[in-house]
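Following this line, the structures themselves.
Across the two complexes that follow, chain A remains constant while its partner is chain B and subsequently chain C.
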Partner chain A sequence: MSVGVLVDVMLALALVGLSLRVVTGRALFRDMVLFILFGLVISLSWSRLGAPDLALAEAAIGAGLTGALMLMAYRRLVEGGAEDSPGRRRSFLALPVGVLSGALVAVIGFAALGVERVPGAAGTLVLEELPGTGLGNAVTGVLLVFRGLDTMLEMTVLLVALLGAWAVLGEARPGRLHQVDRDTPLVAALLTSVSPLTLLIAVHLLLAGTDSPGGAFQAGAVLTGCGVLLVLTGTLRPAVAAGLVTKLLVIAGLTAFVLIGAGALAFGRPTMALPGTWAVYLIETAMMLSIAVTMTLLFARSRGLYPERR
Partner chain B sequence: MSWHEVVGLVLLVLGCAFYGAGTVGLLRFPDVFSRLHALTKADNQGLLLICAGLAVLARDARVAFLLAVIWLVGLLAASVSAHLIARHARHAGSSHASKPERP
Partner chain C sequence: MSSTIVYLLAASAVFGIGAYGLIVADHLMRKLLALNVMGSAVFVFILTVAGVTPEGPDPVAQALVLTGIVIAVAATAFALALMVRMHEETGLTSLTGDDDDD
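Presenting the complex of A and B:
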């Protein structure tokens, strides 16, 4: 048995074991930490499966941001006086749902095992046509050139999610976040060294995305990490209303997509036909900014953010 | 097996030993402070040894530089979070800090 197979088996066992522990665990906090760990193991599994784009996205979003959100929610629960380990309420739906889910997984698994290995027509076409787009990364090619409409609609979903959150928030004052104590110099030191580094990594991921793993979603998620850090340390404070810059940043991704995609019509080309690699860079940059600002606002539970005045 | 493979593997095994010791400390030590003590020191050393081992195995200046950056960023994150956890434990009082469950 080669080392690679050994690692794969260990990852598979870890995934099953962790998911069992998360579902059957009784202490909320421990389950959350295990779930974050679960995201990290999934990310490793994606990279073992040769999908580094997914691995990056899973590590940043699945483990990082979701983990931060869950820990925030936990803090609220505890401050609200909720018990950490409430008695497990048995739902009468648990057994049927479990059996049906198991059956679904089994059916999909059997179907996947029985499928003949033919190269998918769409995948082959993408790989054949990729050199014509000027992009080296097939994932970015699919996201922006071949299935641009899908990605544009994903940006729409993100925007709608933020608008929905704002609607639910109503006229309420932005949530007061529990902030890290600022009187220790280490936090400021962490910010001054980590923020520029995150920015660098985000821009690198964005630029690398055209030829190697990376892209707007991963870069946006990393930038969100920076935003979350700034919110948690109180450097960015939640505001009651969104400023003009915030609004522009939130719609930047969708706007760039729509303008360039529809602009193709004016030149007699099909909708969403991107005029060149510069358009890909432009749209990806706008998407990265929109993703980062939207998710940071969702995290901060606010309409806007303003820098702390010193 | 050439010399750099031997050196790299020895470094990797040593690094794993440090991680193992840190984890044993985390699981076995009684309170937050001694657990942090075990974890931060042993894990930082383990990370250094593993990064060094990988750099020796890779025999590439660029990879070695990137591994050094990874080590430094890991150090930064570990020290700041350990500091914050310790502060929180101290502010929360000794009764909370010596609770066996949550660090």
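Presenting the complex of A and C:
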């Protein structure tokens, strides 16, 4: 057994063990932290499977962003009087469902054993056509050029999720967040060193995404990390209503996609046929900003954000 | 034994574990964790059964999974918003109807 397969087996065992703990653990808070760890192990698995784009996305979005959102929601529950780190109650369904789930695993696992990898027809076609698009990263090529409609609808889902969250917000009650003391030197140092760095990494991921692993989603997630930091330190404060800039930023990705995609019709080209690499950069930049603002608003649970004036 | 089959089997197990948790778990947050665990298993499954190209897994499948990851976090964010609002309105954190500090 080669070292590589050994690593794969260890990662696979970690996945199974961690998911078991996340699902059946006794302390909710700890299990949420373990879920973030689970996301990081998935991220490592992606890189082992030869998908670095997914590894980046999983680390930033699957583990980082989902984890931050969950921990924040959990804090809101606890601040609202919910039991801190509740245990797990025995369900009468545990045994029958456990047996059925075991059977499910056996059936899927048995089917999985018979899977044979074949050359991907669609993927081969993408790689053949890729040089014509001016892009070097096949995944970015699929997302923006070959299956642009999917990505456009994905931005729509993100927008609908934000509108849904706004709809169930109730009367806005901003500013209920516990703020960290910004006057300690550590927080100030963290802000001044980490915020520009995340900006730099986000822009790098965006620009690198056309030729190497990276892209708008990874960049947007990293930028959200910056937003989360600013919200947690009180540099950005939740606002009662969305300002014009916020609204424009939230719809920027979808708008850029629709305008450029539909604009192709005016030049007698098929819908969503992008006119060149500049369009890819433009749409990706707009998407990155939309993703970052949308996710930061979802994290802050507010309709808008305004910078604190000191 | 290739590494693909290792991940396929792991994904099968993780999916089953997630399905179990989704049904049996009491706290809504844990149901959400289970749902996300199931989602990750499906993503690993998609990529490992997808076709291969000389440059790694099928880029179409990779883009599909990337889309899925973003959709999953959007859906999770909405579910969390619903959960927090439900707790504000009713004081409950589960669907069983019991008070949450018993």
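To be clear about the criterion, the second predicted complex is superposed on the first by the 276 of 310 C-alpha atoms of A that agree within 3 Å, B and C clash if a C-alpha of one lies under 4 Å from a C-alpha of the other, contacts with A are read in each partner's own complex, and residues count from 1 in each chain.
In this section, contacts are C-beta pairs under 8 Å (C-beta built on N, C-alpha and C of every residue); 3 or more make two chains touch, one makes a residue touch a chain.
Predicted model only: the values in this text are computed from it and were never measured.
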First, second, both or neither for A:149, with chain B first and chain C second: neither
Contacts of A:127 with chain B and chain C, given as first, second, both or neither: second
Contacts of A:241 with chain B and chain C, given as first, second, both or neither: neither
Residue contacts on chain A - larger count, chain B or chain C: C
Chain B versus chain C as contact partner of A:66, first or second or both or neither: second
Which of chain B and chain C A:262 touches, first, second, both or neither: neither
Touching partner for A:57 - first (chain B), second (chain C), both, neither: second
Touching partner for A:193 - first (chain B), second (chain C), both, neither: first
Touch list for chain C against partner chain A, complex: 1-21, 23-27, 29-30, 32-34, 36-37, 40-41, 43-45, 47-67, 69-78, 80-85, 87-88, 91, 93, 100-101
Chain A - residues contacting chain B, complex: 29, 180-181, 184, 186-187, 189-190, 193-194, 197
For the chain A and chain C complex, residues of the former touching the latter: 1, 4-5, 8-9, 11-13, 15-16, 19-20, 22-24, 28, 31-32, 35, 38-39, 42, 45-46, 48-51, 53-54, 57-58, 61-62, 65-66, 69-70, 73-74, 76-77, 80-83, 86, 88-89, 91, 93-94, 97-98, 101-102, 104-105, 108-109, 112-113, 115, 117-124, 126-127, 138-139, 141-143, 146-147, 150-151, 154, 157-158, 160-161, 164-165, 168-170, 215, 217, 291, 295, 298, 301
Of chain B, residues touching chain A in the complex: 73, 76-77, 79-80, 83-84, 87, 102
